[in-house]
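In the part that follows, the structures are each spelled out as structure tokens.
One chain, chain A, links the two complexes that follow: it is found with chain B in the first and with chain C in the second.
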Partner chain A sequence: MRAERQAYPLLVPAGLIFSAFFFVPMIGLFVESFRLYIPGNIGSAANAPFTFANYAELLTPSFGGYLLQTVRISLFASLAGLVFAFPLAWWITRRFSPRWRAIAVGFLAVLMFLSVLVRTYALELTFGSAGPFRQTLLALGVAPNGRAYIEFLVGAGLLHYIIPMSALTLLATIQNVDPRLVDAAQALGAPGWRAHLTITIPLCTRGLLTAFLFAFSYSISAFVIPMILGKGRVLFISNLAYNRFSEIADYPSGAAISIVLFAVALALIYVASRYIGRRWS
Partner chain B sequence: MKLTRRQALEYAALAGPAAAFAGMVGAPLPARAATEITAVEWGGDVVKAMKEIEAKQSAVKVNWVLHQGGSGAILPKIKAAWPNAEYDYVAGWEGSFNGMVKEDWLVPVSIETVPNLADIPQKIIVKNVKGEWMAVPRAVGGIYVAYRKDICPIEVKSIDDLFDPRLKGKICWPGPSQAMMLPLVALSLHAGGNEKNMDPGFALMKKLAQTGNIGRVGVTDTDFSTSLTSGETALGFYSEPQLTDVGKSFPLVRLTKQRGVPTFLYQSGFAIFKNRPNLKPTLDFVNFCISPEMSTLYAEVAGEAPLNTKAKTPDSLKHLAFTPQEFDEYVYVPDFNVVLSSQDAWSKRWENEIAPLL
Partner chain C sequence: MELTSGRAIDGGLHLAGVAVMGLVVLFLVVPLLVTAVMAFDARPYLGPLPPPGLSIRWFVQFFSDDTFLRGLATSIELAAGAVSASLLVGVVTAAALHRLSFGARQVLMTLFLSPLIVPPVVIGFALLLFLSAQGLTNGFWRLLCGHIIITVPYTIRATLAGVSGIDRSLTEAALALGATERHAFWDVTLPLARTGIISGAIFALAVSMDDVSVSIMLTDSRTYTLPVALVSSMRANFDLSLAAASVMLTGVTIVLMLVLDRFVGVNRIIGQGMFR
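Coming up: the complex of A and B.
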């Protein structure tokens, strides 16, 4: 008990950093979201009255549409990321020699650190409507400037980050699953796919859920990827918040959007971790 | 002689007070260094032009900071840091100047403090409620319809042509944070409205969005030029610097003097901050920048027409030189107070009514 108390000071540095750089600004943002905004001003006045108008104006079908679009594309990208990342992580853990495993992990880590702008523009130049695949897309009946294709590109942009992040998260999870369980199942006659579906994946549920939550949190708050690949037509909530904060300087409205996005993300993560986690674990 | 670390520290400790004392008693010092100021500028050709201007004088050394995103993106940073914001001047236009004036950040200017203002048309200078001049204009740019002749499937002559089905996916339209949404005002004018009555403009914009002709909504400056350069889109509403480089490599048709397709003019210039210690050198530098020679240089490099009446307008910017008759016929000057105070409402209306259709 005493040792536990002695360990509390270790929390102080991180606690101070979070208080100063997360909680205090978030409180400021929360308060700003209730301030009255006068068009033409930069943000709200210091003594501006409080109002619910900034939230009320979000109660529109179009804002609901943006929210749904953000959640939908993020959800698909996160799930697709898991589908790609899980076999990759399994292969790296179970099939690679220690030397190749180290190389693969290093490669995934490098992908995480590669500038998001670089990857996004690389995607845009390669698969965008003026890229080398333009003719192929047209031959396949895909309109490179069509909305569906733009949404697909935004999802692909998110996958650039989601796959390495999820694979790295899942490496340790798969490593902790005793391979002899699958061997035993196969020795008793279960085909390989069935052994994995009934043993490996259920035992990795917590890791999969963690990877999903990381991927989803990243996607739902993505800004640069939809801004560049979305061509101003596929907008995420963070893009709307940016518009309010930047040119228009309507900070109260931008703050209200940010708070709504934060609340939605928290709620979805809570639901996913509590209910899905409890059911599958 | 070998210098130990202890000795080096002792010498350094002695050198500081000695230098300070020498300064106090007026002892001769090495040649006086240029005053350092911090300026926020646009990237690309604009900052290139400004660096060339800086190189032609030695009184001021400029620490260049570039705008990130629209000109309004700098405002929250200034507001958060005020009165300790460390920018001596910020380049901008009517939209951003208006916000800065309301926040009371800027120093008024006059012919006494910036003598070259005498050669700038006074009508264009941004003023506060007291009528004081609050920014120094340096050039004028246009917002107008243009297209790449080599890839545009039709010859565009009017707003109605934008609805032609052959232009599917070929239009790059400015997003709600771009160009003060003046292209929407152009649609409104075409449909019988104006900036004070935007319903016809939004109705026409909805129709245009539904045609599928808008391939990209430009949200950053580079969106416009890269989209046009790559051939992703072939036409749209552009502001002048977005076309400067494109025009060097591709045949452009600029509809600045086309009846029924309004052209808008905006000024770019300097907002000078009153909280900074180097006010006089900043004013002198700005004055130097708008001199006839530097205005000419700026126009040639940055691609914005000079406002100094004694400067030379390059041939490449002749499309922005209007006779009084042409000005009346082709240029629409909106009530900027209405335009600027409506940005918030128009932007939200765009998000609600237009964006879902794109």
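Coming up: the complex of A and C.
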């Protein structure tokens, strides 16, 4: 008990930093999102009246379109990431010797920690409209500056992080699945695909959900990837918030967009953790 | 009969699986190889692969660009400042959390990890509004505040994980031998927690070096980080000095991972399962 009371003064530095740099600014952002903005100003005036206009503006189809686009591309990228990462993780866990497994894990860790700038630049250089695959794309009838291809590139940018991240998350999960269960099913006559579909994958649901949650929350708050690979034609919500701030200095509207983005991220994490918690408590 | 067709599907799926995995690995690696090759391109313009000759002209160009050098200097100062501050706060906070009851610790940990669930652009925007209202307009101090808040959750979490992994009986032995609770923490617990502290520092360094979304909100016209300079250059003119920068940044990532592996073991971070 004495030790516990002695511990509280040690929490002061963290308390100060989190209040000053995080909690109070977040409350300020929330308040700013209800301030009236007069075009031409930089931000709202001090003591500007409160209004719902900044949120009302977000009910228009154009903002809804951006929100939907963000969610759609993020959803596809996260699901595709699971589909690609799962066999990779299974293979590394079950088929590699310890030495090769260590190398594969190191390789995936480097890919996961790679700077987002390197990822974005490398993808644009390789698959972008001026890249070495330009002729291949044209031959396949794909317009390298078409909207569909740009959306695909943004998704590829997200996947370049999601695949190594999901594979590393799933490695830990697959290591806990008893391989004898699949062996038993196969010994009893089940084909391998059936054994994995009904045994390995259900036993990995929790890991799959966790990887999906990480991937999806990474994607919907992505900023650099859509900004560079989207070429201004594909914008995510975070890009929209930044544009309100940098291009027209409409801070209240930028704040409202930020609050919406935060709410979406929070709702997602809440739903997913409730779901994970309920099934595996 | 059913058995054979099942096995045939297996064979097909097996092949398809191997093919998909090969494509995935190519997708992950080829862009990085293309970038590495192009970074050494001798041509003064961005041409098709393969480059007819090799040179280090784009590296020279990177290091003769004032914008990049200024950004690099800011990034290094910022990383040094933010990582040391976060590390210090992380250690002190973990020391406190370690002594609290389980319930109190869980609540505080949720609070301390909460910046991780907020999209970074939102943190940057909130901080910008707050710091401007306080009259803080100096770019470096604003960036330092931003980098501390995005790195400190990692140092707190990693240090606490390092501290929690220590056998309580070692601390009790120190206490039984006459050490005070404080001495036991600084002389016994903390040295044993160094793996956690080092991995926290590496995570913090990686986050600080790589951040764009928070930093881009907090820069001023003269103070900006290297990633912010690279992003604006990527939008303006897509030349190959950026490929040179990418090669060097990848090198830094590989070195960081090697250090992490040396001191902590990448396998330990990923975790060892029951059947491996």
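Quick note on the criterion: the second predicted complex is superposed on the first by the 245 of 281 C-alpha atoms of A that agree within 3 Å, B and C clash if a C-alpha of one lies under 4 Å from a C-alpha of the other, contacts with A are read in each partner's own complex, and residues count from 1 in each chain.
By our rule, a residue touches a chain if its C-beta (ideal position, glycine included) is under 8 Å from a C-beta of that chain, and two chains touch if they have at least 3 such contacts.
Values in this document were obtained by computation on a predicted structure and should not be read as measured data.
Visitor: Please determine, from the superposition on chain A, whether chain B and chain C clash or fit.
Guide: With chain A aligned, chain B runs into chain C, so clash.
Visitor: Touch test for A:M227: chain B only (first), chain C only (second), both, or neither?
Guide: both
Visitor: So in the superposed three-chain picture, is A:T60 touching just chain B, just chain C, both, or none of them (first/second/both/neither)?
Guide: Only chain B; A:T60 stays clear of chain C.
Visitor: Return first, second, both or neither, reflecting whether A:A130 touches chain B, chain C, both chains, or no partner chain.
Guide: A:A130 sits against chain B and chain C alike.
Visitor: Under the stated touch criterion, which partner chain does A:L188 make contact with: chain B (first), chain C (second), both, or neither?
Guide: neither
Visitor: Who touches more of chain A, chain B or chain C?
Guide: C
Visitor: Once chain A of both complexes is superposed, is A:P39 in touch with chain B (first), chain C (second), both, or neither?
Guide: Only chain B is touched by A:P39; chain C is not.
Visitor: Is A:Y251 touching the first partner chain B, the second partner chain C, both, or neither of them?
Guide: A:Y251: touches chain B and chain C.
Visitor: Contact-wise, after the overlay, does A:L140 reach chain B, chain C, both or neither (first, second, both, neither)?
Guide: neither
Visitor: If the two structures are placed on top of each other, which part of chain B overlaps chain C: 20-28, 74-82 or 164-172?
Guide: So the stretch of chain B that bumps into chain C is 74-82.
Visitor: Considering only the contact definition stated at the top, list the common interface residues of chain A for chain B and chain C.
Guide: On chain A, the overlap between the chain B and chain C contacts is residues 43, 130, 227, 242, 245, 251.
Visitor: Inside the complex, what are the residues of chain C that reach chain A?
Guide: Touch list, chain C to chain A: 3, 6-7, 9-10, 13-14, 17, 20-21, 24-25, 27-28, 30-32, 34-35, 38, 46, 48-49, 88-89, 92-93, 95-101, 108, 111-112, 114-115, 117-123, 125-133, 145-146, 148-149, 152, 156, 181-182, 206, 209-210, 212-213, 216-217, 227, 230-231, 234-235, 238, 242-243, 245-246, 249-250, 253-254, 256-257, 260-261, 266-267, 269-276.
Visitor: Touching chain C in the complex: which residues of chain A?
Guide: Per the touch definition, chain A meets chain C at residues 3-4, 6-8, 10-11, 13-14, 17-18, 20-22, 24-26, 28-29, 32, 43, 84, 87-88, 91, 93, 102, 105-106, 109-111, 113-127, 130-132, 156, 159-160, 163-164, 168, 171-179, 189-194, 217, 220-221, 223-224, 227-228, 238, 241-242, 245, 251, 254-255, 258-259, 261-262, 265-266, 269.
Visitor: How about chain B: which of its residues touch chain A in the complex?
Guide: 69-73, 75-76, 79, 95, 98-100, 102-103, 168-169, 175-178, 214-220, 223, 227, 230-232, 340-345, 347-348, 351-353, 355-356, 358
Visitor: Name, in rising order, each residue of chain A that touches chain B in their complex.
Guide: Within the complex, chain A touches chain B at residues 37, 39-43, 57, 60, 62-63, 65-66, 128-130, 143-147, 227, 231-233, 235, 239-240, 242-251, 253.
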